[in-house]
Structure formats: C-alpha cells, structure tokens
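For reference, chains read A, B, C, D, E and F in written order, and residue numbers begin at 1 within each chain.
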Amino acid sequence: MKAYFSRRYRFSASHRLHNDAYSEQENREIYGKCNNPHGHGHNYILEVTAAGQIDPQTGMVCDMAKLDQAVRKKVIDRFDHTNLNLDASFRNLVPTTENLCIEIHQNLLPVFASGELGQAMLARVRIEETENNFFEYAGI
Amino acid sequence: MKAYFSRRYRFSASHRLHNDAYSEQENREIYGKCNNPHGHGHNYILEVTAAGQIDPQTGMVCDMAKLDQAVRKKVIDRFDHTNLNLDASFRNLVPTTENLCIEIHQNLLPVFASGELGQAMLARVRIEETENNFFEYAGI
Amino acid sequence: MKAYFSRRYRFSASHRLHNDAYSEQENREIYGKCNNPHGHGHNYILEVTAAGQIDPQTGMVCDMAKLDQAVRKKVIDRFDHTNLNLDASFRNLVPTTENLCIEIHQNLLPVFASGELGQAMLARVRIEETENNFFEYAGI
Amino acid sequence: MKAYFSRRYRFSASHRLHNDAYSEQENREIYGKCNNPHGHGHNYILEVTAAGQIDPQTGMVCDMAKLDQAVRKKVIDRFDHTNLNLDASFRNLVPTTENLCIEIHQNLLPVFASGELGQAMLARVRIEETENNFFEYAGI
Amino acid sequence: MKAYFSRRYRFSASHRLHNDAYSEQENREIYGKCNNPHGHGHNYILEVTAAGQIDPQTGMVCDMAKLDQAVRKKVIDRFDHTNLNLDASFRNLVPTTENLCIEIHQNLLPVFASGELGQAMLARVRIEETENNFFEYAGI
Amino acid sequence: MKAYFSRRYRFSASHRLHNDAYSEQENREIYGKCNNPHGHGHNYILEVTAAGQIDPQTGMVCDMAKLDQAVRKKVIDRFDHTNLNLDASFRNLVPTTENLCIEIHQNLLPVFASGELGQAMLARVRIEETENNFFEYAGI
C-alpha cells in the first residue's frame, strides 16, 4: 500500500553559506550574496512525510500529536529562531538547505525506528527555503 | 513515459473522529479535539492525478472536461457541504483524511477502468485537510 | 500616524446556515447547500488588525505575545474544533461569516479597551471562510 | 541517495488549443473555450527538479545560479510574454501544458548532459497552468 | 457600520499593451515586453467587495449566489478565455489592469444600483494580474 | 479617484530584536525568542502601493519598470541578503517590521516626490514578515 501522510512545520532562522576550506573569493563565487559576511535569513517550511498502512481501528497512518511532539523536540526547538551557523551547527557542514534537510532526516529516523509512531516509516523530508526553491530527501 | 496530469478540486465538509469500538476516554486520547462531540470542519483540497501517454493528436493525457464531470458526480456531489459522518458515511469507517482519500480513490478507479477517460490511469489521490496536513494514496 | 499591525490565526469549525424564523423552503432558497441539515465546515483564517503609534522604545505597535494570548482565550479556545451552531452559539444569530466576524470584534474590543495591549486600538477583524470569500468589519 | 533540488520559475504567455487536423466542430468539442479563436493566456509556474549527490564541499546538489542562467536562456527568454502558437511554436504541436512541459524537458536535458551543472541530473519538469491544473513529466 | 463582504473570481485572458497613438518605438519604451506583437496572457484574480449593513434576518451583507450570477454574466462570460484586445475591447482603451478594473467596476455599478443585491453597495474592485502586481479601484 | 496600483517585492534578511536601553532580562521579556543572541531571519514580502489618476494615454497609474528600478535601488540592494542589525541599520532603531516598514516608506517618499514616477503618490508600504504577521504604514 502506497499511503503517505505529510505534515508541515515552520521555523525562522538565519544562516551564512561559507566554507572555510575555500578562499574568500571562492566562497563569493560559489555562494554569491548567500556568502554575505553577516548572513541573512528565511522562513523555512518543513514537510515530514510518513508512509505506512492505515490502522484499521484509528483510520490513521500515524499519531499526528506524537509526530508533532517529536518534530518539536528534535527540529523546531533546535532550529527555530536561531542562527544555523552559530547556534545549531551540525557536523561542521555548510548550512545549505540540502545539508539541513539531511540533518533533519537523520534526527527523525530514530524516532520512527523506535516504534513510538507505530508502524509508520519516514518516507521523506522536504524543506522550502523560499517560495522559489526547495529540497527533498528520501534517504539512501 | 512518466507523464502525470493533475487537477485540483475543493469541497467543504464537517466530520467528527470517533470510533464506537473505543471508550469515550480512548476516543479522546486518540483523536484529541477532533473527537469533540458536535464535530468541526474543513475546506478540503482534493488533487486527482492521471498518468498516461500524451495523445499525439489532442496533446493531452486525458479529457479534462470528462475528468471534471466524473469527479463532480462521484466526489463533489457526494461530499461537498455535507457532514462526513452523517451524510456521506463510507463502510462504517472513521472519516479521517486517510479513509476519505482511499474512499475517493476507490470511487474513481472504475471511472478510469471504464475507458471513458481514454488510456489514462489513476495514479494518485491527494487530500489536503488543512494547510498543514495532507494525505496521499497511490493504490496497492 | 496610520500604522497597522496584523496577525493571522486559524481555526476549523462546522456550521449550518439556518434561521428558525424562516420556513424550510425559505431557508433552502436563502442559504442553498449551506442549509444542508447536518452542516458542513471550513478552515477559517482570522486576521486581527491593531492600529496605533509605534512605541519608540520597543519598536512595536503592540505586544504580539499578549495579542496571541488574548485571541487564544477569547476566540480560538471558544471556536476551534467546534460546531458554531451547537457549541459556540452567539446571541441566537445565524453563524454566517458576517455574524462570526462581528462576534469576534465584540469579544476583542474589551481586551484593547482594557489597556493590556498598550495604546493599540482594534482597527479591523477579517475572516476568510474559503479562499474565495471573506468578510471584514471595522466597527461602527 | 534520493536527493532532489527544485526551483520555481514563472512566465506569462497566451495560447490557443487548436489542431488543424480536426474540423472546427471537433476542435470546439475537444478543447472547449480553450479553442476560442483569438486565444487566452496564463501565468505559468515552472518547476525544474534536479537529482543527484550533494557535493560534500559546497553542500549543494547543483549550482543554483547556473541553473537559473540555463533556464533563463532556454525557457524564459523563449516563452515569457509570448504567444505560444505564433512566437514560440514547437514541432507543430498543439501548445497544451503537456506538450509545453515535454518541450521544456527536452530543452533542458542537454544542459544537464553537458556537465555544466555538475553531476546533477534532470529529474522532472512540472508546469502549473492555473492553480487548479498542472502537469509533470519525468522522462521516458 | 464598516462591513465588507468580498468574493474572489478567476479568469484567464490574453492581451497586448499597445496604443496606436504612439509610435512603435514609444510603445516599446512604455510597455516593454508587454508590447510584444502577438500578446501574452495571465490568470486574473478578481475581487469584488460589497459594503453594507448586515441583514439581521439572513446574517448576510448580500446574497452571494446573486452576486456570483451577476459577476458571471457581466464579467466572466465576457472576459474569460478571451483576447482582451480582440474579443472584449472596451472603449478603445489599452487593456492594462487599471483600465480592465475600471471597466469591471462600471459594469457592476448598475447591478448594485438596481437593488437586486439588496442594500449592498459596490465598495471596491481589485484585480491581481500576477502574484506580484495588482490594482484596485474604489470609484470616484 | 481612488485608484491604487500595488507591486510585491521579496527579500531575505536576518535580524535580532534587542534594545541596548533595556537590561538582558527586559529584552528577553519583551522580544522573547526574537531576542536570541545570534539572531534569526525571514523571507520578507514587501508591498508598495501607489495612488493616482490613470494616465489616459498609457492606461497606467505609474511606470512599473521605473518603480521596480527605484525599489531595487532604495530597498532591495540595501536590505536583501543582509543582517538588518549589522549591515543595514537605520537610525539606531530596533529592526522590527514596524521600523523597517517606516524606514522603507521614508526612503521611497522622495522618489515619488521627485516626479520620476509621474503624478503617482506613495499610498502605503506593507511588509509581511511571516505568513502570520504583517505591518502596514500609510504615512502621517
């Protein structure tokens, strides 16, 4: 059964795209104005998709309140109203939407694996950085 | 060829999430405020996706007017401005978005199978219950 | 100074448009499918607009957290996930968006008058019932 | 790794759905008001999706500035503010969203194949013609 | 009482901004790519706002079904799926959003004046040409 | 004549709400998580509204290309992809949406006063900070 339940969350954060391994000029060429020294920010829209059988009793793929709780704890509390470079750095990676998306995927995988969301599996994480660009990651 | 034509429809309905097989307390724990006795409602956004070859003559995957007609007859006329528990109950199921989505998928399958929409096949049904949660079903 | 701060809130509710003073036929003619016996529902989008001077110290027209608190207490807790006819009836009025909007305006006026939101005044309440119709009320 | 980067672009164009191989009456029956003699128009929303590994240095699937440049040159400059029948005809096809989508897919394939966007591959092209209908094409 | 009921309608049309009183070069300078010879098009979003007392019996500012009927007859049937220059020309004016908006305002004024929408008055007409520009007209 | 032309622009920026005149604790109480030390960010949506007569020759309230140019120079180039506290500080004010809105209004007033946009006057500036809160300023 190909059944997918998705839920949208929002958080606001700032970041600067910059890799110390590059020279100043390379950083500027690769990241353009996203490399501006003091950073800038976005209203991120996060979409978490769970796949699974519909429980015949509850009529649901997973418990939405529990999913909300897990995402709040693992994602929103950590990233909302932060600077992604200084407050919420992850594995020394450049905080592109791509890396942020994978980080969130890796943070949510254990929640699904633990069984606290029932049989549902993490199917996909998608982040909209602006209304014109977004990234999605469905695992390896 | 992976070619998909999608069309959005809208309907407004009310529902109450409640399963008689559960106790009052269980219902409250499982469904939260969605279990409130007199129900509540939503503006549902339905997305029907047809897959198929593009007809080289018409340049279309399927006849949009005929699809509209079928969805109006099978879905909108039945669910719009109704109470999903009292007016449009389906197989005694709790009217979650999941169950509603599968019900609509099952209602549309025979339309596609009948050939009245040409070679197009039903690829997916997706329902947005609020701007923050949606469900999609692509069949078994 | 014409300065306006607005904040959006969302709630889901069901209702039936029906006036006991009319005959069944009159109700049907006036309200159409909105008169369906078991009701239907919407995702309401509420917009509350405050007007006032910008506090030179805080840089704000009013304290957003306090506004949120007041709207939650006076509006969301009362109307969200309810049936507007049975759970949240107001002055025996037909629960049209017009009447709902004025009811909310009247509920919020004392909050602004009390001074707990500083000098800000209630400028306007606006409700979107569907993406195609909305109502706004700016007082008498 | 299933990682997808998408970018949205917009263009405004007019078109008339009409196939000379059909009689006037057939055209009218097949295309309805979209066959009106002097045409009509839309604000098209184009979504280009690239798939690929995330470059561990840049943290990106592909260079967004280069993708923008390619889409501007191959798509926007050609279709924006044009009449799709008279200015930007493609292979004598009826300018349905389906045919337009495949035309754009075929125009972008060589850009991805050329390697100027790195290892990223063209995963999908999606066009929204109105807020109620859209088409996507993922290749053969 | 400042009470406003608004309703959104949509239509798709093509146009070319061109004034015969100007030279080719002047037209090009004034209208830019909107002057392209074969025109282009948009999905127009029209918003009609009625002002008035809320009828204490119906709870409504005006009869929405009657407003829909009037707008369909006076606006949608005339402009939808047309070329604004060739099919629906109005007083030899350049079909800018400004002129289109005023034309629609003038077409709807008699409907409101006739009393068929009760005591409601036409407060405003607003047209969105693209998601980035819109025009509104509230009369003289 | 009450005729208004509006245009939407977008920019991404970061900020921290903090007033040195307050103690750390006061800042925290007044601004909440918006006071987080390293800041956060938003996708700002700016709406500039011009009022005026419609030029009977051009059919326009003001020249959109010239307005775009002015807003780019005075607003976008200055605020886009910046940190509002460190890169684009204005009169030592806390960079709330309110203060940002008035700053932009003051920056655009001379453009309208100069006559380079014809007879059009600046009617209003509106900024959406998130999809749930926005501020508008129409001058003194």
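Heads up, the rule we're going with is that a residue touches a chain if its C-beta (ideal position, glycine included) is under 8 Å from a C-beta of that chain, and two chains touch if they have at least 3 such contacts.
Since we're looking at a predicted model, the values are computed, not measured.
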If you tally C-beta contacts across B-D and across A-F, the winner is A-F
Name the pair in A-D, A-F or B-C that forms the same interface as C-E; by residue number, over half of the contact pairs must coincide.
A-D
So what's the Cα centroid distance for subunit D and subunit E, whole Å?
29
Subunit D and subunit F have mean C-alpha positions lying a whole-number Å distance apart equal to 34
Do you know which subunit A residues sit against two or more other chains?
131
Subunit B residues within the subunit C interface of the complex
10, 12-15, 33-34, 36, 38-43, 80-83, 86-87, 130-131
Touching subunit E in the complex: which residues of subunit C?
17, 19, 21-22, 30, 32, 93-96, 98-99, 102, 131-140
Listed in rising order, the residues of subunit B that touch subunit D in the complex are 1-9, 54, 57-61, 63-65
